[in-house]
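Okay, so subunit A shows up in both of these, paired with subunit B first and subunit C after.
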Partner chain A sequence: MSEAGVIHDIGYQRYEGPRLGRFAMQQALYVHGLRAAFGLGRSAKAKIFPWLVFGIMLLVAVIAAAVRSVIGETILTYTQFTVQMNFLIIFFAAIVAPQLVSRDLRAGTLPLYFSRPLRAADYVIAKYAAMVSAVWLLLGVPQFIMFLGGAFTTKDGFKGVWNELGDLLPGWGFSLLCALMFAGISLLVASLTGKQAFAAGGIVAVFLVTTPIVGVLSSLPSTTANQLAFLASPPFLLIAVGQWMGGDFEIELGRFGPVYGIEAVSLIVACLLILLARYRKVASL
Partner chain B sequence: MTIIVTDGLTKTYGGGVTALADLTVAVDAGVIGLVGANGAGKSTFIKIMLGLLAPSGGSVRVFNLDPVTQTDQVRARVGYMPENDCLPPDVSAAEFVTHLGRMSGLPKTTARERASEALRHVGLYEERYRQIGGYSTGMKQRVKLAQALVHDPDLLLLDEPTNGLDPAGRDAMLSLIHRIGNEFGISVVVCSHLLGEVERICDSLIAIEGGRLLRADRISSMTEASDILAVEVADGTDELAAALEQRGLVVTRDGRMLLVPLESDEAYDRILHAVTDLDLNLHRLDQRRHRVAELFTTKETADV
Partner chain C sequence: MSTVAFITARGLFGRRRALLLLPLPLLLIGLAAICRAYDVSPDMWGQAVIVGLGLVVVLPVVALIVGTGVLGSEIDDGTIVHILTKPLARREIILAKYAVAASVTAVVSAVPLFVTGVLAGSVKLGAALAVAAVVGALAYSALFLLFSLVSRRPVLVGLVYILVWEGLLGNFVSGTKNLAIGQYVITIADKIAPTAILESTIGLTTAIVMSAIFTVLGTVAAINRLGSFSLAGETS
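Moving on, here comes the complex of A and B:
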């Protein structure tokens, strides 16, 4: 360790410049979180998994676009892409959410945040926004590549591009819904433990363990049970909401469409409120 | 300038545990030692000053701001170094301190500049680009101090800054704190349960025990010379004691030392004569100073 007081020591300088408000801090924390989600500014090890997932999804999008341009048929719609990539998104969330929240818990960094003007709500909003953006980018960028593939090979000129855009935007919207839901659940699970491996396992468990319940409910001899089965698992809930909003997933919801919409919204809101309550408690440690 | 004023500050936790009871102090700028045993209420006091906890009774003002209602203004002017480990292992110190600078509201480039400045001031140079996980405890403590310093606060709250350091590291940390208090013009509250070490660097001292104020004063007035002479000789202490009593002095023994009240300067002469008459080797003859530690052994001085 070097000793203090070398030649270049010009003494301590007081800072008279501007001090930004809480909104700027929130933004800085958001950008920091979004970068961390993709391992930017972290070690090479932290980059492997996010970029691996991102790479696979890009590959799928490129293949889908290529196949479509060759055979001239859509093999994967934008919303179907989001649903098909479900497992990869769960995998991604299980890696990124612990990076964003569990890490701060583990290292005990939170007292450093909350002894600054930043509040628990600012922290939760910034982290949630970062996680939502990360998941949305993960889906939105490949979707955009599929759009480019479709738009450049269209035979209807400008009208074809316009139609394609009309397909892309709901696709992006659906991806956003997916991001909002997955981010809320995975952050909530990750915020409960400082151990990243536990958090990752917990997230995967929440998404996957609930799947068999859907299977059981779907095979019951009651139509109502069948139509409400998808409530039991977040990935299926997402599909159901997509169906209700006019998607083409070939599942039968009957008259329960709105129930799924309400559950999706309540789920997101509940996750955020619990997160907030949790960090309120941590912040006053 | 008075920076911290409390009036009847009381904090009772949910379970009925009283962490602070009726604490009334007014603290001047400078290096302030906050001393007390574990569980005396030091950390609670710091958290109240940061607005992390609301007091159950009484009031506290930091820079004449109320931490409960004017939290942001107080926190913008205060830097906090927690006691526990609080550094992520997988980022470099430069990046981490820059990030926390931004969390204090510094613009991006300023945060980067001030982060490397702060790290330089605490004595981290090229190491700052290495990951924190590979740092020694001493370097980690320095990073913790740097993050408290990065936004140029007017007051630093340091919770046990010498925790886990070896003697050399302790000395380095203490002299660093002394420099911050005296050269940087930043007031520092140093929390410690080791009186001996804060005593060396502080201008004033707040001693608390069981949430109550034991004493708050400037160090100089706590350690002022008392009118007792301490005499120590190689051997023949008993003979000397007898000889001194013969000469009309009241002698009390304190280990190997003899304590003699200093009634007038004549006492020096009488002692010296007694020593030479007995032909003893005089090791020590000095006016005794109160050690601050006496605050804790005898509670006579407590003016609650």
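Moving on, here comes the complex of A and C:
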């Protein structure tokens, strides 16, 4: 029998290996978020809705490319594609944003995350980047298919492909702007509640409710109000910025083009800042 | 049964959650008030506010949030077990929850629509909109209550219904109009108080009968589903 008070060495060891640090955590969160957005690494049920939306988008792109190669006319430009798919992007945002942030709130993983060297800003940036990438992929891949359709059927040889690329790149840029805006707003809404159901409803409500305001403002008997109407709704703001940037959406902005640019930037920045402020304190939910 | 209703209502309104339902109706009334204050003719803004915002967005979205909230969130939490293990008929559980969902939706959507209708035209229009909103609330609640028993993601299914079925397809394929609650609501309001703002596309009888069918079938199917409800573990 051993003496009382002996501390036995049962073989605990300190971790001596390399520590990857904040950047690696951010990266891991980003990859995890991007995979979760499309339901990869999860059950089949989690894949239904994202891939449903993605499939419809691809289908539209394939049809657009096919029609174009048959009749030789562009029925849907790259930027128009982004605008026309508005409802589906809203729906996709309502699927993905709650997946990314509401689940963490619900499952109580945030205190675990933040007990690591991970800062709130890292978390927000990783989630935001994942969501932006997801939405951009949702738009960019179909646009690329449309590009392939256009490039393979062009009759001007290499010059035709080059022109087509010149159309695709602004289209991709526009999709990126769209992704930045939709991701910011929907993550902000989703971060307010741990219930995925409420978050999804809230996101759709924000986007849908603002749309009729544009209709009302457009019908007011003041040119200024008409030209500023598109400020009221994120999807329309996007169209207006595209118009200001030299797009062709047949809407009248007058001299207020720069206002739209400023609002778009400040909207995205504001969403990110509020998100950061929201994650300063996570315990009180 | 009243206890179930009470618990459901508390779950819906507990803490600050009731405030989440407030912005939509306020926006509706606010927009109408602004237009009214600037003396814009209701022909210009009525369509956008009453139909575009009120009947197409506020009513279905409120119904979706409330209708899936009463049962879906309990299934999600796992707290449904506590109610299911009580000696209550499944029918009573569904009916209590449906009553709460329908009445909350009806109040939250009919009151602002009534005010908007009064601002846009007459008390008659307001009353017509309120009646139509109540009918819509009954039908939508039954449908979304059923969704929360059919799928683990009722809100997304409901959004598919609102955005794709009523939103996208309703514009392109006229056949789906006979199967869209939104159209019944518009038709009923239009037939009670005919104005240029509302444009009904289907007959009044169809609208009333179909709303009743949606309501009854939705509730019966929900009771049936809950009767053979199996609790699954945490799905992904």
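For the reader, a short list of remarks on this structure follows.
FYI, the second predicted complex is superposed on the first by the 267 of 285 C-alpha atoms of A that agree within 3 Å, B and C clash if a C-alpha of one lies under 4 Å from a C-alpha of the other, contacts with A are read in each partner's own complex, and residues count from 1 in each chain.
To be clear about the criterion, a residue touches a chain if its C-beta (ideal position, glycine included) is under 8 Å from a C-beta of that chain, and two chains touch if they have at least 3 such contacts.
Note that the structure is a prediction, hence the values are computed from the model and not measured.
Within the superposed three-chain model, A:Arg14 lies in touch with subunit B and out of touch with subunit C [touch as defined at top].
Within the superposed three-chain model, A:Leu100 lies out of touch with both subunit B and subunit C [touch as defined at top].
Once chain A of one complex is fitted onto chain A of the other, the partner contacts of A:Arg42 extend to both subunit B and subunit C.
Contacts of A:Leu177 after superposition: neither subunit B nor subunit C is touched. Touch criterion met: A:Leu208 reaches subunit C, while subunit B stays clear of it. Within the superposed three-chain model, A:Phe198 lies in touch with subunit C and out of touch with subunit B [touch as defined at top]. More residues of subunit A are touched by B (comparison of subunit B with subunit C). By the touch criterion defined above, A:Phe91 lies against subunit C but remains apart from subunit B after alignment on the C-alpha atoms of chain A. The intersection of subunit A residues touching subunit B with those touching subunit C, taken from the two complexes, comprises 42-43, 46.
Subunit C contributes residues 20, 23-24, 27, 31, 34-35, 38, 40, 44-45, 47-49, 52-53, 57-58, 61, 64-65, 68-69, 72-73, 76, 152-156, 159-160, 162-164, 167-168, 235-236 to its touches with subunit A in the complex. Listed in rising order, the residues of subunit A touching subunit C in the complex are 42-43, 45-46, 49, 87, 90-91, 94-95, 195-198, 200-202, 204-205, 208-209, 211-213, 215-216, 219-221.
Residues of subunit B touching subunit A in their complex: 50, 52-53, 71-72, 75-76, 78, 80, 82, 84-91, 95, 99-100, 102-108, 110, 114, 117, 121-127, 131, 136, 138-139, 147, 151-152, 176, 179-180, 183-185.
By the touch rule above, subunit A contacts subunit B in their complex via residues 1-4, 11-15, 17-22, 24-25, 28-29, 32, 41-43, 46, 103-104, 106-109, 111-118, 283-285.
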